[in-house]
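In the two complexes below, chain A is the common chain; its partner is chain B in one and chain C in the other.
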Partner chain A sequence: MDQPVIKIEDLEKSFKVKSSSFKRPARVRAVNKVSLEIKKGETLGLVGESGCGKSTLGRTILKVHEPDGGKILFEGTDITGFSRAQMRPYRKRMQMIFQDPYASLNPRFTVGELIGEPMEIYDMYTRAEREVRVQELMRTVGLKPDHIRRYPHEFSGGQRQRIGIARTLALDPEFIVCDEPISALDVSIQSQIVNLLEKIQAERQLSYLFIAHDLGMVRHISHRIGVMYLGYLVEVGEADEVYSHPLHPYTKALMSAAPEPDPRAARARQRIMLEGEIPNPLDIPKGCPFCTRCPQAKPRCREERPELKEAGGSGRQAACLLLEG
Partner chain B sequence: MGERLLTIRDLNIEFDTPQGVVKAVRDVNFHVDKGEILGIVGESGSGKTVSVMSCLGLLTDNEKIVRGEILFEGENLSSAGIRTEKERKRHEQFLNTIRGNKISMIFQDPMTYLNPVLTIGTQLTEGIMTHQKCSKKEAWDKSVELLRKVGIPGPERRMYQYPYEFSGGMRQRIVIAIALSCDPKLLIADEPTTALDVTVQAQILELIRERAKADNTSVIMITHDLGVVASLCERIIIMYGGKVAEEGLAEEIFYEAKHPYTQGLLGSVVKRRQAGDRREPLESIPGTPPDLLKINRGCPFMSRCPKAMKICKDYIPAVTPFSQTHSLSCWLYCKEQARELVERQKAEMGAGLG
Partner chain C sequence: MLSPDEFFEPVEDWERDTEYIAMENKSFGRDVWSRFCRNRRALFGLVCLTAVVVLAIFGPMVSPYPYDGMDVAVKNQGSSIAHWFGTDQFGRDTFTRVLYGARISLMIGFVATAINLVIGVLYGGIAGYVGGFADMVLMRIVDIIYAVPAMVYMILLMLLLGSNVYSVMIGICVSGWINMARIVRSQVISLKEQEFSVAAFVMGASTRRILFRHLLINSLGPIIVSVTLMIPQAIFTEAFLSFIGIGISAPMASLGTLAQDAKMQLEIYPMQMIWPVAVICLVIFSLNFMGEGLEEALNPKGKR
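Moving on to the complex of A and B:
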């Protein structure tokens, strides 16, 4: 039972960027030696600022991007080197929910075709059975089955996200990467979608990798949380623990900067204001990636790169030299 | 209570669309005091941006103010009632003396707001030279000072650079510098931090607060993020379906919310939890925001309201005050009036039949 659904070890992914036609192309290292695991029925939240590599990590795990190094284990099977053909049976079991429900649905397909398409590709069920299943899925995600012949433009943003979720669920996956599934939605709709995702998870024992920048929502939905900065995983641990007792200086700053919907608490709170912005990922600082903005940086931090290590028990890990003492 | 700077009365804005007339803003009333930071919260299509844009005459051709007054320091900025081309031109000229001068604006996306082919220096001095009688040298010096005030290091050198040479947060600082360049009385910030990262967002909000307090500038902060208004705003207006649902001091809205929509909105954001009580489903508001083309006659929130009554369907609720600062528009809190209305209607029906 305790075998993780997903386990990644030292995963790396970089992209070539061409800055000028005369220079050698540089490499943006989007994901740097990230290791983590996700258990059955568990949600791992991934937070970080734009450009920290959280979406790239999600896509690399699904092998949408070919990893440059490290290992991806899906239920114990090493899928890192798998070819497209070898991946095919696994694709069914690992799926993705996208951010923008306006861009991710083909406007020329009806809802029925959209939700049925994955099953058709995998040659599952007969045509009649598929139709029944599509209606079932629509009910599961809270859409009216009689809307099966409608087109995406007839639905609101929240309903479209429901269509996307139904499409994802069509193949009965075990692991879903949710890449900012609520960022494009209105506040009152966000909570509907989060509740739906939680309900489906409880019913089907799904594992989620939940990527978002809304820290409050991530805390709510996640069992464990990973914090990324410049392609490095800097801290990982139980959701409430990471929020209430952040260890890494970056996590501390991130948590204190998160807007809090409570005026008294917001006023009473001690904010850690970070100087400046994220450095260019083409030019990651030599030592600790966070050393240029860290309020507690020591000379040693500029020389040595910290590794993710046990800190504070109960599976908590952080990458900071100061914690090592 | 402070001195009034801006008063909006009975504002009604309509959009002409191919599908029909959209009543985007209906009978909106609010005011801003001098030196106050006001938050306007609402979802997309609630009319929050349009009602504030109209103050600056920034409506497109198919959008128009059909009724209402926008009083800014005693002068009416509303274009309602303007018929002839000559009047329209004169009004436009008048607005030009206000825009960017007494009232200025910070937009959501700094990259689309700044002109990519002009240097920061040119863009900063432009506004100052248009509105204030001063030489280019004076405007330049003032701009350098402004950049320093908004926290841009090495401003003398930065003046010669182009927008692409700045990061997102830095660009937003420049937009704020431009907005502050003529010492405005009122600063309108339309989702100024939505495009920014959390740590940068905190910096920018702090900057807005700091500048507003230093110069006693009033700020209208338009946002959908309750977290942003909680830390920044003294007073909050909640808009829904083109109408003001509830209005009050930050404490009154966050701790004594009365309108079912405000309550639902607060319930659907994650509150600070104690360790242990995790994994309760969030409260959520069923349904979706209304389609303003097909809005019902009564309360716009009715179709999603858990406490909706019969009267909500046909009648728009009156504004009920709770304290000097706190008021809302919901039939639940003015049952007396509701009963009267129903009685009167019954009597009329009876008379009609008889």
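Moving on to the complex of A and C:
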């Protein structure tokens, strides 16, 4: 029972970037030695700036990208080296919700075909049974079953995201990567979708990897939070703990940038303004990846790369040399 | 002071239904069709083409004259009730021969295009989807084929296989599929990065399913448009080959050979040349108008 649904160890993924045909292709290291685990019924929120490798991490776990190193364990089975055929039974159990509800639905399919497609791929049920299932799923996500013959362009963004969620649920997965499922939606619709995701999670004991950059929303939905910077996981811990007492200097800066609804509290709070830009991922600093912008960086930080270690108790981990003392 | 009741009125029940979709439930095909019909030139093209196709198929069957039946007594006549388009130098009925020629020309156009379509879509689809090294090799092969002028292949094939309908068709197909392959490849490359194809992959869909059900179906617009432009091109190529005398040989007739036959007496009997050329023009104009109309109909964002 205590076995995590997903466990990754030292996962690595890099992409070749070709600048000109005469130079050797450089490598962008999008995910660097990331280890984490997600338990049954748990939501792990993943936050970080754009381009820090959150989405790549999510997609590598689902083997959309082949990992370059490390291990992916799904309920104890090492699926890292699995071929496409070997992956098939696992694909059913690990699914994905996409960021852009406009691009993630094939425009030539009706809603019925979209939600029914995963069942068709696995040859589940007869045609008629599938249609009944599709209508059930539509009701679950709050769509009208009479809209089954409509095309996605006839729906609003929020409705389309529901279609995407219904499609994801069609296979009864145990683990879902939510790749910024709300960032393309209006604020009023965001909460509807988040509530829907929470409701489904409670009903089906799902595990989520929830990728987002809306810090408030991530705090709301996540049990635990991971913070990524330049492809490194710099801090992991219970959601409220990470928010109230961030350990890593980057997390501190990130949390201080989250909007505070209470103006009095906002005034009292000290904002940490980071200087400079994120370093080019082609050229990650030698020591701590954050050393170029860290307000507390010591000479040692520029030489030694910190590892993710227990820090501050209650299962929290952070990668910072300053915390090691 | 006014009470709020005077400013507001209660929402009626139907207005609460926020999920209501006002748009008529239209399938993609019907939507395209209605936009196509609004384009007068395209519709004109469709009507003319349909007329020519129907006449080319059934005309020679109904006509009282066989396409190769000579009658020296009535040679080189002008238009009359008996011979609508007159007769040629051997007394063959020009109307029948033009219809028969249109049949051969259209057949070459459609069959050659169908072959080009299948080869081009599969080749371009696979190159685009697989990508990487395989794509590089496949596209270099295409470049090599494309580097030799199409006319050279055709003339070589005529020498090898003799002048007949099949050698003309094969000649057109040798390099005709290349444009299609390039169009499909570029479409597939841009579509495979879209989230819906990633979604299909995550669902566990097979390569074949992703390629056909997701990528190619979404490239249908450019494919259809290029097909409507490929057909007139094939017809034109055939007419050209026949006109310079290396296409289809007598007594078979295509629109090109008819023009070629009339060439010798052009100064005395110009009408013998005008009829087949008029039909070629009509067919090519119609197809081009249809292509344009389809392009607009399939691309609602590009509407004026």
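The definition used in the following text is that the second predicted complex is superposed on the first by the 325 of 325 C-alpha atoms of A that agree within 3 Å, B and C clash if a C-alpha of one lies under 4 Å from a C-alpha of the other, contacts with A are read in each partner's own complex, and residues count from 1 in each chain.
Everything that follows uses one rule, which is that a residue touches a chain if its C-beta (ideal position, glycine included) is under 8 Å from a C-beta of that chain, and two chains touch if they have at least 3 such contacts.
Not measured: the values here are computed from a predicted model.
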item: First, second, both or neither for A:F98, with chain B first and chain C second; value: second
item: When both partners are placed on the shared chain, which of chain B and chain C touches more of chain A; value: B
item: Touched partner set for A:Q159, first chain B, second chain C, both or neither; value: both
item: Partner chain(s) touched by A:I148 [first = chain B, second = chain C, both, neither]; value: neither
item: First (chain B), second (chain C), both or neither touched by A:I38; value: neither
item: First, second, both or neither for A:P261, with chain B first and chain C second; value: first
item: Chain B and chain C contact sites that coincide on chain A, given as residue numbers; value: 159
item: Chain A contact footprint on chain B (complex, rising order); value: 43-44, 167-170, 197-203, 205-206, 224-228, 230-231, 250-251, 254, 264-273, 275, 278-279, 281-286, 288-289
item: Chain B contact footprint on chain A (complex, rising order); value: 49-50, 156, 158-159, 186-192, 194-195, 198-199, 213, 215-217, 219-220, 239-240, 244, 253-254, 256-267, 271, 273-274, 277-278
item: Complex contact set, residues of chain C against chain A; value: 19, 21, 23, 25, 27-28, 194-196, 198-206, 209, 213-214, 217-218, 220
item: Contacting residues of chain A [partner chain C, same complex]; value: 59, 62, 64, 87-88, 91-92, 95-96, 98-100, 103-108, 117-118, 121-122, 143-144, 147, 149-151, 154-155, 159, 164, 167, 171
